[in-house]
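Heads up, there are several structures right after this.
Next come two complexes built around chain A: one with chain B, the other with chain C.
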Partner chain A sequence: MELLEVRNLSKVYKTFLLDNISFTLPEGYIMGYVGQNGAGKSTTLNLITNICKSSSGEIYVDGITCEEDESRYKESIGYIGDEFYFPDNFRIRDIRSVLRNFYKTFRTEKFDELTKRWKLDGKLAVKDFSRGMKVKLMFASVLARDTKLLVLDEATNGLDPVVRVEVLKLLQEYIADGERSVIFSTHILSDLEQIADYIYFIHEGKTVLYDAKDELLESHLLVKGERRAIYPELQRALIGIMDNAYGFEAILPSDRADLLTNEFHFEKPTIDQIVIHYIKEREG
Partner chain B sequence: MKALYFAKIDYIKTRTQWYMMLSISVIVIVIMMLNNSSMVGQVNFMYGVFIAIVFSTNPFGTCTRKDMGFQQLLPATTFQRVAGRFLFGMFLLLTGIGIGLAGTAVYCVLTGKAEFVSLPMCLLTFAVGVVIITIQYMFFYLVGESKGAQLLSLVRVAPSMCFFFVSMKVIGEIQKNPTEALALLEKVGGNLEAIGWGGAVMALIVMMAGIAFCTRATAKKDY
Partner chain C sequence: MKIIISNQSELPIYAQIKEQLKEQILNGQIPEGSTLPSIRQLAKEVGVSVITTTRAYSDLEAEGFIATMQGRGSVVLSKDNNLLKEQYLLRIEEGLTTAIETARVMGLPEEELREIFHNLLEASADTARG
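Let's look at the complex of A and B:
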């Protein structure tokens, strides 16, 4: 069953257009939502969480839209952002009290257990927490209730490698029961390489690629060689040709591999490389 | 119920300023009582409400874009969010009135003097306070909760100052011509209580209209 369904989603700003985004995310999977700064990642995620209102299109989470039942829709979403969103002067007990008031499924014991396990100091105002502690607190607030969809907007930014690994482990545990899903935007594409099942790549508000991660990796080749060896037909098929000290590097759809002669080397690309070459191609 | 929880969030966010308001109110009332002026009850009242109006806009001052987003994430409707903010303002106003009454009671006990604080006066002061707060909140919701912070000081202080000076002027006039004031009171007679209740009800209607207006103004807003 599709847990998240986005249909023809658009958002018009004065200087930016998020243009006709559509995708689905089944239960039990993680989607990596990637793109450059200003590509429209946060806009999409803010539309999903209803922090922003769409200009057109529909978003279904667990079968319902926000307009149909705002409370149930929001109950089913957990959001962790790049920015820490709890008010600065709140302490852990204030957050616990507010969440208990608002969320029917909030479990105080689970929240206390997580804050204790992660050694989050209840005496401090949250503004005095480190970045890692803030991310953990946001996770505790989300994991202490029954959500279906976890929305992460560059949540691992600024975290040290140890905490980042912990976060990635948490995400895998979160979807382990096969009933919950995660949509995860990040610039650290190696994180996605480890945990994502689907990749959605957006550039300047428009969809560039959307596929299962393994399919995406299988369907592209990283080609290297000398620039002079590129002939016109290959030139047209190569994506994002970039010169370097040893010649060139580009991405080629796997189904065009027959165009490669012995003069070229090719290998399986990383998500990072695919994204970089597609951006290069788009920017000319 | 969720509106009450939003009022609670506003309280937690402005907790420090809330304590400050209580302290300032107490200090001002004590100083005023030491001056041994006449009509202490009424003046106490005005101070309490004046300070409450000034502080009632504090939640807007602490509204950064990020914590507005936090409130937006909570499972509730726009109406509940807006109604919570208005409830917060009303509770603050009632606290201001409560402080004024408590100050007057303490004054009466300590000096042995009788002070006249009538129910109609309480109701009318409450009504004026509610209308001022409603206008201020409508301004902030229309301009934008976090953007409004730049204009916060002006919009926060100007109406409460007007309220304060007008009420002080009225009290001054009464002190100057008590006979005329008494005559006017007699003329109004038994209607005074009805006027007070009518004013309070009207103010609550204005507040409900304000909540509806602000809900519409913010329903399509992005955070």
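Let's look at the complex of A and C:
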């Protein structure tokens, strides 16, 4: 079953257009929503969490739209953003009591277990927490509820590698029963790349690529070589050629690998490399 | 069971998982009849996507190494099944071909190669009998 379905979603701002975004995310899978700063990632996620209203299109979470049943829709989503959203002077116990009153499915035992496991200091006001502690606190507040979809908007920004690895484990645990899904946005994939099942890549509000991550990786090659060795047919097939003083680097669809003579070097790309060259291709 | 994912490898991750499991099934480190971890469990432990482990398992299934049964998970099949037998025969042929080619390179007479083979066969049978 599809846990998240986005159909022909658009949002018109004075200076920005999110243009006709469509995708589905089945139960039990993770999607990475990637693009540059300002590409429209947060706009899309804010539409999913219903922080803002779309200009056109529909969003279904666990089979329903927000208009059909707002409280059920919102209960089923857990959101963690780049910015810390709890009041500065709150301590853990204040947050606990607010959330208990606000969300029907909030389980205080689960919240206590997580804050204890992550050694979050109950005596400190949350403004004195480190970035890592703040992120963990947001995770505890979301994971203590019975949600179906986690929406993470640049949630791992500014985290040290150790905490990032812990977050990856958390996300994988979250989807382990096959009934819940995660969508996360990021402008750098790196370690998150490994656990993502699907990649949706937008640039200036428009869809560039959308596929299973393994498919994307296998259908592209990273090519390097000398600029003068590029002949016209290869030139047309290469995506986002980038020069340096001693050579070039570009992406090539794997099904055009026959164009590569032994003058060129090619290897497996990362998602980041695919993204960079596609953006280069669009911007010229 | 052991799985090591290398980012330097030219093989895609699903293929790395598949090849390593295959190797361990063929050399008996993962015995027949044993149950592999679930697709989701493996994805979580190794830190890769669910689609990746799904592909590794479905390839292993297509090649006759495992069978996935509702409620029982993915079970390593008996070495008697035909698909797997083919894989074993292929391996034996590969090994013997290497031996034959090596013999040819050094110009060893066929008769001596046969003798080496028979001697090794007997020696190995003796060890097996203890």
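Criterion: the second predicted complex is superposed on the first by the 282 of 284 C-alpha atoms of A that agree within 3 Å, B and C clash if a C-alpha of one lies under 4 Å from a C-alpha of the other, contacts with A are read in each partner's own complex, and residues count from 1 in each chain.
Note that a residue touches a chain if its C-beta (ideal position, glycine included) is under 8 Å from a C-beta of that chain, and two chains touch if they have at least 3 such contacts.
From a predicted model like this one, the values you see are computed outputs, not experimental measurements.
A.B. asks: Tell me the contact category for A:178 with respect to chain B and chain C: first, second, both or neither.
C.D. replies: Only chain C is touched by A:178; chain B is not.
A.B. asks: Give the label of whichever partner, chain B or chain C, reaches more residues of chain A.
C.D. replies: The partner making contact with more of chain A's residues is B.
A.B. asks: Should A:160 be classified as contacting the first partner (chain B), the second (chain C), both, or neither?
C.D. replies: neither
A.B. asks: Of the two partner chains, chain B (first) and chain C (second), which one does A:101 touch, if any: first, second, both, or neither?
C.D. replies: The first partner, chain B, only.
A.B. asks: After lining up the shared chain so the two structures overlap, which partner does A:121 touch, if you call chain B first and chain C second: first, second, both or neither?
C.D. replies: Neither chain B nor chain C is touched by A:121.
A.B. asks: In the superposed arrangement, which partner chain does A:255 touch: chain B (first), chain C (second), both, or neither?
C.D. replies: Touch partners of A:255: none, neither chain B nor chain C.
A.B. asks: Applying the touch criterion given at the start, work out whether A:68 contacts chain B, chain C, both or neither, answering first, second, both or neither.
C.D. replies: After superposing on A, A:68 lies clear of both chain B and chain C.
A.B. asks: In the overlaid three-chain picture, which partner chain does A:283 touch, first (chain B) or second (chain C), both, or neither?
C.D. replies: In the superposed model, A:283 contacts neither chain B nor chain C.
A.B. asks: Using the touch definition from the top, list the residues of chain A that touch chain C in their complex.
C.D. replies: 28-30, 168-169, 172-173, 175-178, 194-198, 212-214, 217-218, 267-268
A.B. asks: Give every residue of chain C touching chain A within the complex, in rising order.
C.D. replies: Residue positions touching the partner: 10, 12-14, 40-41, 43-44, 47-52, 55.
A.B. asks: Would you mind writing out the residues of chain B in touch with chain A in their complex?
C.D. replies: Counting only chain B, the residues touching chain A are 2, 5, 8-9, 12-13, 15-16, 62, 66-67, 69-70, 72-77, 220-223.
A.B. asks: Write out the stretch or stretches of chain A touching chain B in their complex.
C.D. replies: 46, 49-53, 70-75, 77, 79, 81, 83-90, 94, 97-98, 101-103
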